[in-house]
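Per-chain residue numbering starts at 1, and chain names A, B, C and D are given in the order in which the chains are listed.
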Amino acid sequence: MLGLVGNMGLAHLRYPTAGSSANSEAQPFYVNSPYGIALSHNGNLTNGEELRTYLDEVVHRHINTDSDSELLLNLFASELAAYGKSRVNNNDLFKALKGVYEKVRGAYACVAMLAGYGIIGFRDPHGIRPLLIGERLKDDGLKDYMLASESVVLKAHGFQVYRDILPGEAVIIPKNSMVPEFKQVVPMQSYTPDIFEYVYFARPDSVLDGISVYRSRLEMGTKLAENITHQFKKDGLDVRKEIDVVIPVPDTSRHSALQCANSMNIPYREGFIKNRYVGRTFIMPDQKQRQSSVRRKLNAMASEFYGKSVLLVDDSIVRGTTSKEIISMAREAGAKKVYIASCCPAIRHNHIYGIDLADNRALVGYNRTDEQISEAIGADRVFYQNLQDLIECCVKDNRIKDHEMELALTPVVSRDDTIDSQILTNKTSPPIDSFEVGVFTGSYVTGDETEYLSFAERARAVNEKIKNTAKVNRGIESLDIEDVKASVDISIFNSGDYS
Amino acid sequence: MLGLVGNMGLAHLRYPTAGSSANSEAQPFYVNSPYGIALSHNGNLTNGEELRTYLDEVVHRHINTDSDSELLLNLFASELAAYGKSRVNNNDLFKALKGVYEKVRGAYACVAMLAGYGIIGFRDPHGIRPLLIGERLKDDGLKDYMLASESVVLKAHGFQVYRDILPGEAVIIPKNSMVPEFKQVVPMQSYTPDIFEYVYFARPDSVLDGISVYRSRLEMGTKLAENITHQFKKDGLDVRKEIDVVIPVPDTSRHSALQCANSMNIPYREGFIKNRYVGRTFIMPDQKQRQSSVRRKLNAMASEFYGKSVLLVDDSIVRGTTSKEIISMAREAGAKKVYIASCCPAIRHNHIYGIDLADNRALVGYNRTDEQISEAIGADRVFYQNLQDLIECCVKDNRIKDHEMELALTPVVSRDDTIDSQILTNKTSPPIDSFEVGVFTGSYVTGDETEYLSFAERARAVNEKIKNTAKVNRGIESLDIEDVKASVDISIFNSGDYS
Amino acid sequence: MLGLVGNMGLAHLRYPTAGSSANSEAQPFYVNSPYGIALSHNGNLTNGEELRTYLDEVVHRHINTDSDSELLLNLFASELAAYGKSRVNNNDLFKALKGVYEKVRGAYACVAMLAGYGIIGFRDPHGIRPLLIGERLKDDGLKDYMLASESVVLKAHGFQVYRDILPGEAVIIPKNSMVPEFKQVVPMQSYTPDIFEYVYFARPDSVLDGISVYRSRLEMGTKLAENITHQFKKDGLDVRKEIDVVIPVPDTSRHSALQCANSMNIPYREGFIKNRYVGRTFIMPDQKQRQSSVRRKLNAMASEFYGKSVLLVDDSIVRGTTSKEIISMAREAGAKKVYIASCCPAIRHNHIYGIDLADNRALVGYNRTDEQISEAIGADRVFYQNLQDLIECCVKDNRIKDHEMELALTPVVSRDDTIDSQILTNKTSPPIDSFEVGVFTGSYVTGDETEYLSFAERARAVNEKIKNTAKVNRGIESLDIEDVKASVDISIFNSGDYS
Amino acid sequence: MLGLVGNMGLAHLRYPTAGSSANSEAQPFYVNSPYGIALSHNGNLTNGEELRTYLDEVVHRHINTDSDSELLLNLFASELAAYGKSRVNNNDLFKALKGVYEKVRGAYACVAMLAGYGIIGFRDPHGIRPLLIGERLKDDGLKDYMLASESVVLKAHGFQVYRDILPGEAVIIPKNSMVPEFKQVVPMQSYTPDIFEYVYFARPDSVLDGISVYRSRLEMGTKLAENITHQFKKDGLDVRKEIDVVIPVPDTSRHSALQCANSMNIPYREGFIKNRYVGRTFIMPDQKQRQSSVRRKLNAMASEFYGKSVLLVDDSIVRGTTSKEIISMAREAGAKKVYIASCCPAIRHNHIYGIDLADNRALVGYNRTDEQISEAIGADRVFYQNLQDLIECCVKDNRIKDHEMELALTPVVSRDDTIDSQILTNKTSPPIDSFEVGVFTGSYVTGDETEYLSFAERARAVNEKIKNTAKVNRGIESLDIEDVKASVDISIFNSGDYS
């Protein structure tokens, strides 16, 4: 977290994306010229190389890291410096942001701070990555504001009233007035949040772009149940006779799996238990660690598997290594048959907007049919959600939000208290009916990204080499499959200047 | 962890028990006279004060801390010193342990290490706290051994074959022979493990004294369902009409709650979601933290509560503060009625064997009827498991263990491989049919503990004062309800002396 | 030290100067726009406030600290940015430095690094603070270079050949060519090094601006002896009868004191011994620390004082507190008479060029005659060096340098080897015959500094308040007299780009 | 420092001695049985191996380290345990110490603490290593006490009144009474302090066994001057014509050298200056560090050497490597002739009492005549102090102590105040007229130590091997000659029990 300047703060935890893992830097980034600006961002730019050249050759700014945030910060700084003004105002900032939008391609949700002025938030014109603003009433009757990438972060700090920043929109909260000003800096090109947030990435208790992650996941369970039932029926089989028990792969898929089991009227069991023993191991040098990371993290309760046909439900299948291990554990525990279902369709393409799943060639779904995938991971059969179903799961929650939104919010302040909030102005925001789904289709909302994909592949190869060298040096045999969900939060807040 | 001496190691993490929280010390403890001994223990002694006097006045050993482990270590050391031998053997050690057993009262599972000799494990004559020994086949065909307080710890280190140390039994694994020698040092006085391990304390994937924690918890759900159904029926009501949804209080009660819901054929929902946001809060000094620790840890999914009669299921109800808060959250989320069920009976007495729940006066069950408890925590009604049912839940798993044990173990080594294991010698260990249940009845297996209880009360008062002073000094308004499950492991291993 | 970029590095340790002690920052400072520049400096600017306003209002650069180095860096950066070039060359850099020289007033010796380009050194037009460049022949036959504020630093790193940067001169060593280019960026306004370097500040084994610190200090002893002898003679007294022994105040004055004693043919004794016991004290809370910091640092050897008339020799007398304490210690040890001599004249004015002695009102010499000073510090008589004598001490060493310089340098490379060194080009540098002596006269080489002095006084008052608050908060009764000599080094080196 | 128990404390810094450097442990050592005892010691035992066997086989105490302090502590503990008393008194402790004295051979000055009882000091029967007790009057009129190995340590803590513990004497200061009780536990076998303390080891401002280190060093200069003058005269030469300047090797020899120069009426000059630059070096990987550690620590001032015949004065010549380097530096600086004088005789034997100089084979004086030594170190001639002269230097100071002692002490309390001090009871302590001088003669006060010498040689070989391996692993070419004077203090204090 940046040292507090006045009464503002900015925090960021972001997972390194493709091409950057080797030497990315701690966010936020800071420049002192002009004015002193700090910036954090969430997402991934697809024209970073071009921006890098521009910054070096045209505006002569030295970039120290591979981080896109440093690019965004310096672009913003150079746009702002162009006016050469002693003191800027909201309009200058919005104009500078317009310049940034025009140069940048990709997914970005940004929070920034201008020293002595205030905080700023802006989001890419497709709304791929989420960004919200929250409002909090303080004891002294004044309000303060926070920008964050998930609603739970706002709620955890007591910002009970919030709304999403729209694609192409920006907001400034000057510390003097503490009145947020919103502006549609460039036209919304689409309103297509990354559907992977709902499938896997976001916390279940978050509400993003008006869609409850929790309820969309319940829907995924319902749709998945319909799909599986239908597929067995096509083969003349009754799902209830084919599957004895539904077992989630903890933790993300729990809600979908429970709903899926309920929909099919098949028992649901927590057959895998997370191993909570985290002690340092005494393993002697001559006893190599043969257990995979999955086996160290999960224990199978044999009584739930023994002699049964089980349906494992996971949020998604990426490389297939985890699925393969889990299926193998189920069989060792005595399962007769092991089916596996994924809450989302087969992942066959790179994720290019900030969630670095894997290179597409490393994806088990890459150039494989469902049958081939099933065979690769050792399942009796694999079931994937249909893409159209997945979209409907999210859209459905969206449609009903008017009624239930309040509940999801469980605001402490009453409805009437919040009616005059400065920020609840986008109640009429267009309902979302499409999403960024490139990982499934290979077609990305920002257009043709062939060039970026080949750049990322080269960058990844370089990083892989660095990592492997590191592994060899440390005597590590195989790196754990890292959980990319880890910690990806950006946030900033402004409680005004009362000093 | 103690610095490795030869090829042995000893680790311990233990939660401070009553009377000791102010200044207990990191385990293990060590004395150099005689021979060099290190010891860790799990449990609580009820005649510690008497032992302290004995050590000071009779054997003149200086005790630096309030830890019972230091007492046990010095008792063992002084017994051993009495022989005045240059080199001890297994028999000397067993004899010294007999001396320890004769002087000590309470619950204790101990692991110790004699420098240059080997490792030792022993367990109190009632078997109150668990202790297991695990065996592992190494790449070189040799075996090594580990002692631990939970089977999952053994399994996590690859010790797939294991058995419980019996009440009053001890085991020595000399580093030269690496052949474990077992001995019933004193007669088993009872075989009564602390039932609270199954209810709450142990990890669900552990098997303790032949009883699967996971399956005993499922049974608790079944029995609880019967009980609740019965109680509604007594009032002429149908439980399926009175309760719309069963919701667990995460995480311990999840398995019981799911089974309970299934048994009653009522929908099960994960209506509370653990807040995984762990960022540092930016809360300004003038904005006092009004949210309780429960509210910071859990979010209620409004759609699961709104307009419904909900049954919350928790493992136990201790002080009642958590229950009260959770019930209040359920109501705020729109619940029509809020019932709460506890997987164990009402806790009305001190836990004196190493799990420091609370002083009995702080227990919501202390001197209150069920109706009074229900009122105190704001529930529409509270349901408790019957004690006899709870015991049966554990006994039942015990009875069926012969068949299913292997499955629960999922041993990598086959049955045949393990048949000649040196340690699988207590296959005919007596089936357990009673347990330590003093927290429910006030009657403890070690006999009348009135004196200890009044000592503990005084000690607690002193500690409370220290804590409060600390709180005032730090400006803390109210301490979080600490999770006593935190980290309570002891373990030791011996891979022999090949140097 | 800045992380190494290529094969260059930059290090800095600098003592905070007037007005900055409260929140100065670790050097070096860095800006990424333009090009990436890091800079460290030694000295003090007297028009810092004006520069601060200029940077904010005209070039819109945010200054985070009170450090003059940050001002110099941003000035340089803004001058360089003005050209808007993609790639700069030596000429651009010299031009930019010219811009810096024109805006800045005060004392400054700077080392800077341009990312990917090379290192830069420049020195104020009066040469107040020292700056040297050293050359080193590497094993591969190539040369590398280092810039530093003292010759001993260069020698310690094996840079045996070196020369001073002249007032108003700059040098650039590009990493590609590794050929240093020197340029007289602005005309030399005077060549007046701060005489206080020779009196007190520099290490005795340094040679600055061609003057050996060691030998100038010997001269100070000779001149002081003449002066003292003369003064006694004026009163009709023989110095050898009046003074029994000459005793230095360790460590700086040792060389002068020895020479002074020899010149007068009076015994020299090390009567004060530095206390080398540095253990943590066990002093109990009720035993207040009554010993002053001087008494903790020095022990008087009674046999050297008892019954004798002693002449104490110190480098300078600043606040007088140390002198007073030492004189008192001498009397307690039995001295009959205690005279004290200072190697420099009475200090009666602020030091404004980077050695923060004290506010002038805190100087014992402020508005006091010699007799009044003598009384204030409890001496029987105080002797000061004459200013003209002091200047001659330094000039004399300067005159003889042609012959002896080599010896002082003890170069490993022979004379012939170094003859064609790229850097030995200022052999004809003008002999120095005047110095910055403002602390003695109140007249400063940069002109009328009345405005700065009143600013510094205000800043000091603010800092004093902050310090006092800190002291009160920590329960400190009196702060030690800090040794401003502590650690004041800047240096940078460039070993080229061979990758 | 051990955590304070009551109002007592114990601190120790000790340099590892022969055979222990590889794995010695931080002092003090502690045992909890019996009673809780902590102990630190200064010195070296010569029958450590024998004691180690005794502790293992007879009293069964596990020794973890190579430290003699651990041996002494466990011996003392086992003696004390033999009484089997619940509470001990002074007599028990003195009796136990008698048992320790009877088993131990070598040099030892010990401070110990008995938990809840008080502090203890005792010193070997030859008084080889120093130990003093100091008294301090507190603000409340009560007195407290401190034991330490040097008087400066006592004075630094305000203990102005002190006396030496005699050989074979012990003192106990119980925390209840705070009245020190002294007892001659075993008869004094000799009163022979290690003369190396005065030559080199002790701080110059210390007074040990009534002898001022400072004044004995002045005497060494006088005697050395007589000796050198005499030797030149034997060759028909006038020392004042042969030697132009006397130059000390800083820091220990400074006082002797100055006195030596004065005695011969030859100029004294500080021609070597300690390099106070301590910055981290930037030396590139390809530039090996060719400068020896001596050259990094000292700079020669060429003007003091050029064209002159110099006499270098050092406290002692051990391995000769430092002398050789320094002589070579003097020649490089232009010295015509380089003589070197040592304040003590040639060191030809091991130091076995706690100052690990070097194995005797590594000593330049081992099996070499003065001429051979001179040649080995590159001097024109080497001068050694005569042993009898050295002894007289110390004895002389001793004789005059009655008159001057007070001065050396510069006590704050007046003579009258101290007259009734509990501790000033050994005013009639026998004047010392012999010393431990084994390093010069090979004859040690504790008798024939052949067996120990051969043990130490083997131990040293093992340690050397470990060090070399470490060096190779770290890529270090040659370890610096470490300054064994570093940090060798033991101390303990007792301010009573007023709580």
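Just a few scattered comments:
The working rule: contacts are C-beta pairs under 8 Å (C-beta built on N, C-alpha and C of every residue); 3 or more make two chains touch, one makes a residue touch a chain.
Chain identities (UniProt): A, B, C, D = Amidophosphoribosyltransferase.
All values derive from a computational prediction rather than experimental measurement.
The chains that touch both chain A and chain C are none; no such chain exists. Using the mean of the Cα atoms as each chain's centre, the chain most removed from chain B is C.
We define each chain's centre as the mean of its Cα atoms; on that basis chain A and chain B are separated by 38 Å. Centre-to-centre, using mean CA coordinates, chain B is 56 Å away from chain D. Chain B and chain C have centres, each the mean of its CA atoms, that are 67 Å apart.
Taken as a graph of touching chains, this assembly forms a single closed ring in which every chain touches exactly two others.
Of all possible chain pairs, the ones that touch are A-B, A-C, B-D, C-D. Against chain B, in their complex, chain A makes its touches with residues 1, 7, 9, 11, 13, 136, 138-140, 144, 146, 150, 152-153, 155-158, 203-205, 212, 214-215, 254-255, 258, 262, 267-270, 273, 275-277, 279-284, 286-288, 291, 296, 299-303, 306, 332-334, 404, 406-410, 489, 491, 493, 495. On the chain A side of its complex with chain C, the touching residues are 31-36, 56-64, 74, 77-78, 81, 84-86, 115.
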